[in-house]
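Chain IDs A, B, C and D follow the sequence of writing; residue 1 opens each chain.
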C-alpha cells in the first residue's frame, strides 16, 4: 500500500476521532472511530488508551481487514479492533465504524431495550427501532470477547432485511452502541444522531409511555433522505 | 425586486439561522429559519441539507410566496419550504418562521401532548398551552407531505382565537415544533423560549403531576409583555 | 449621592448581572440582579428587557429605596423593581437580590413544592427547606402585581425565624426563585447554589422518594460555614 | 523536605484541582483534590474556600500525614483535610484523593443507595457497585466530623476485599462521593468516570428498573484494564 494512500486513510480516521471527541459523546479514552479502504483491504483505527487531546494522525493504526495484522503505525490498536474487523469482513460496503459509551444510547443498551422509532428525527436516520443484539454466552465473554461482540452484531444484521444501511446502529446489551456508515465521517454522524434519538425517546416515553409512530410516516421520512426517491439535500441523497 | 432588498432579507435570514445554530437547538442539518418581505411577496430560507458552519448569507434561497418559485439563490431550498409557504400565505402578519427538532419540544410533539402553561416563563411568551395539530392522514403523508404539514398548522390556527401571535408556536405530532414571529429573529426567540418552557414543564410534572396555573396569572404575565397594556421592556411591548 | 459612589454601585450590580448571565441561569432577558447602598438609601438594578450582551455598566438604573424614584440612569428599570424594593425596605441587611427563571428552581416553584434539604450541599447554603410563598390573590395579581410579589415574600420571611440569611432563597408559586445576600455578588452565588440544589433534590427523589436528611447533619454543615463557630474558608465565615 | 520535592507535589495537586474544576464536577468552591508523597509522609491539598480561578500552585497546603501539621503553605487547608488524612493513613498505597459534590454521584449519596454496576463503562473503572458508607452517629457528627467521615470510609474499605483499588470510589450518605487513585490525577479520572456512571445508572433504571449485569461480563471488563491479564492501553494496565 502506497504511503500517500495510508496517509489519506489515517488522516480521515484521525479527523473522525477528533470530531467524535468534540461532539462530547466520548468520555476520557472511551470510544473509537475506524475507517476502511476496501480496495486495499485495510482499516485504520485509534490506538488503545491514548488520550484524544494527545492523538495525532500519525498515531492511527492500519491493519489488514483479512488477517488483522498491523500494517502501519507504532502503537497498539484499540482493544475493540476485533469487533470492527468482524463488521468490515461481513459487510464490505461499510466504510466506517464508531463505538462510544454515549450517555443515552448506553442507557438503552444497559437496559436491554431497543430504541423505538417515535419521531421523524429518528426516521430520518434509522428506518425503524435501533435493535439490541442477543447477549454473549459465558464462553463468548471469556474467549475472544471483542471478536464475539462483532459476531453477535453481524449475526443480527445478516438475519435482518436491507442491512446494514437501513438502520446503521445497534446496541450491545450492558455495553453500548456501535454505528457505521459509508465512511468514518458518516459513522460519526450516525453516532451523534443516535445519541439525540436515544435521549428524545427516553423523554417521550416519560411523557407518554404508550407513544407510537405510524409506519407510513416512518417510511416517508426515511425515503425523503435515502434511496431512489430521496429529495432532501442538494444532491437528492445526502452521503 | 432590487438587489439591495434581496441582500437585506437574505442577510437577516442567514443571521437568524446562525443564531438558531448557536443556541444549540438544532443538530446537524436539522432545523431552518425563514423570513418574509411581505411588501415584496417573497420569503428567504436556508438551503436544504447544507451544514450550518458552511452556510453563507449568499446561500439563502429567495422564493415567491405566491407561486413558490425560486427568485434568487443557487441552491435548493429547505425541504420544509412548502410548510413555511403555507404559513406565510395564510397569515400575512407572520414575518419569520423557525422549525427545529429541539429535544424537549420534540419530545412533547412525539408524545402527542400539548405543553401546558405551568408558569410565568411560559405565559410571558405563549398565552396558554402550546397545542398539537391533528395527525396527517395517510394520503396527506404520501402526497405533498410538507405542504400538508403547513395545512394542519394553518387549519388549527384559523380555528383558534387571536392567532397567530397569542401562541406563536405549535407541535406537529411525531415530528417537532414550529415557531413564528414578526421577523426571523423573533421566531428564533420563540424557538428558544419554547424549548425552555418544554423542558421546565416536563420537570414540573415529574415533581407534581397535578400542577396547574391560575388563569389570572397567565393573563397578567402575557399582557405585561404584549398588547396595549404592556409595560415590560424599554418601549412597552418588546418587538 | 456622589458620582463616584453611584459608579461603584452601578459597576458592582452590572458585574453581578454579567456573572448571572455567564452562569447560564438566565434565558434571553429573563432575570435580574440588584444591589443596595444602604447608607445612601438607594438600589441599582438592570434595565428592563435589555439583552445581556448589550448591557453596559452605565445602563444600570439607580432608585431611591424609600420612594422608588429613579435617581440615575437613562433607561426604565426592570419590571420586577417593586419586588426588589419591598425586600430592601423590609430587610435593611439585604445588600443584593437576584431573580431568575432557572430551570430546576423554577420547576419546583411551578410545582408548588418547597425544596427539601436532602444533602450537605444544600445545608452549606440554606439552613433547611427552600420554602414557597403563599399564592397571590386575584386582586394582588391584578393590581400592583410586582409589589405584591414582594409582599408575599416579606410576609413569609417576617414570620420565620432567623431570616433573611438562614435561608437566602424563596420560591414564588408558578413563577420562580428569588435569592439574596449581603451583596449583589452574594445573591448571585446563592442563585447558582439554589439551582444546583434544586436539580440534585429532584434527582435524589427520583432515586428514593423517601429520602430525608438528619437534622444534626444539617446543623453541622450550615454552622461549619455560617455564624460564630464557622471554620470553613480562610476567615472563618466566607462573606 | 526539600523545596523541589514540595514544588513537584504542590504543582501536581494544583493541576489535579484545575482539571477537576475544568471537568465541571465542582460548583463554586465545593470540591478538592489532594495528593500524597508517601516516601516523605506528606500530602498537599487545596486551601479552604478559595475560588478555583484564583488558585495558584503556591497556594496548595502541605501537611504531615502522620501529625496533620502544616509543613508548607500560607493558607488554611480544605476543611475536609481530616477525611483525606484518615484515608492516607489507612491505605499507604493511595496517592491521591478527590471529593466533589458532582450532581449524579451526590444524588445517589443523598438517596442512600449504592450505584449498581449496570454496564461495561462502570466495570471498566469500578469492580462492582459503588458502595455507601454507614451513617455517622450523632456524636460522630458533632465532634471531629471530618475525621469521622474518614473513619466510616476506612471502616468500610478495611472490611471489604481487594480494597482500596478494586472500587476506588465511595458515597457518604447525605453528602457526596470520594474517589482515589495512585496519584491525584488518577483520583480525578475516577471522579469523572464516577459521575458518568452515576448518571447512566439512573437513566438505565428509569428505562428498566430490573436491569442487572452478568458477573462474568463485569469480571471481563475490569480485568481487561486492571491486573496481570490487562490488555487495554499501550502498556497493558493504564496507570
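As a working rule, contacts are C-beta pairs under 8 Å (C-beta built on N, C-alpha and C of every residue); 3 or more make two chains touch, one makes a residue touch a chain.
Please read all numbers here as calculations on a predicted model, not as lab measurements.
Steps from chain A to chain C, minimised over paths through touching chains, total 2.
For the copy pair chain B and chain C, the superposing rotation over Cα atoms measures out at 90 degrees to the nearest 5. When you average the Cα atoms of each chain and compare centres, the chain farthest from chain C turns out to be A.
Mostly differing positions are employed by chain A and chain D in their mutual contact, as under half of the interface residue numbers are shared between these two copies. A straight line joining the Cα centres of chain C and chain D is 33 Å long. The mean-CA centres of chain B and chain D are about 47 angstrom from one another, to the nearest whole unit.
Chain B has residues 206 in contact with two or more other chains.
Across the complex, chain D meets chain C through its residues 27-30, 47-50, 75-76, 79, 101, 103-104, 106-113, 135-136, 138, 141-142, 145, 174-176, 202, 206.
By the touch criterion stated above, chain B contacts chain C in their complex at residues 118-121, 124, 189, 192-193, 196, 199-201, 203-204, 206-208, 211, 213-214, 216-217, 220, 224, 231-234, 238.
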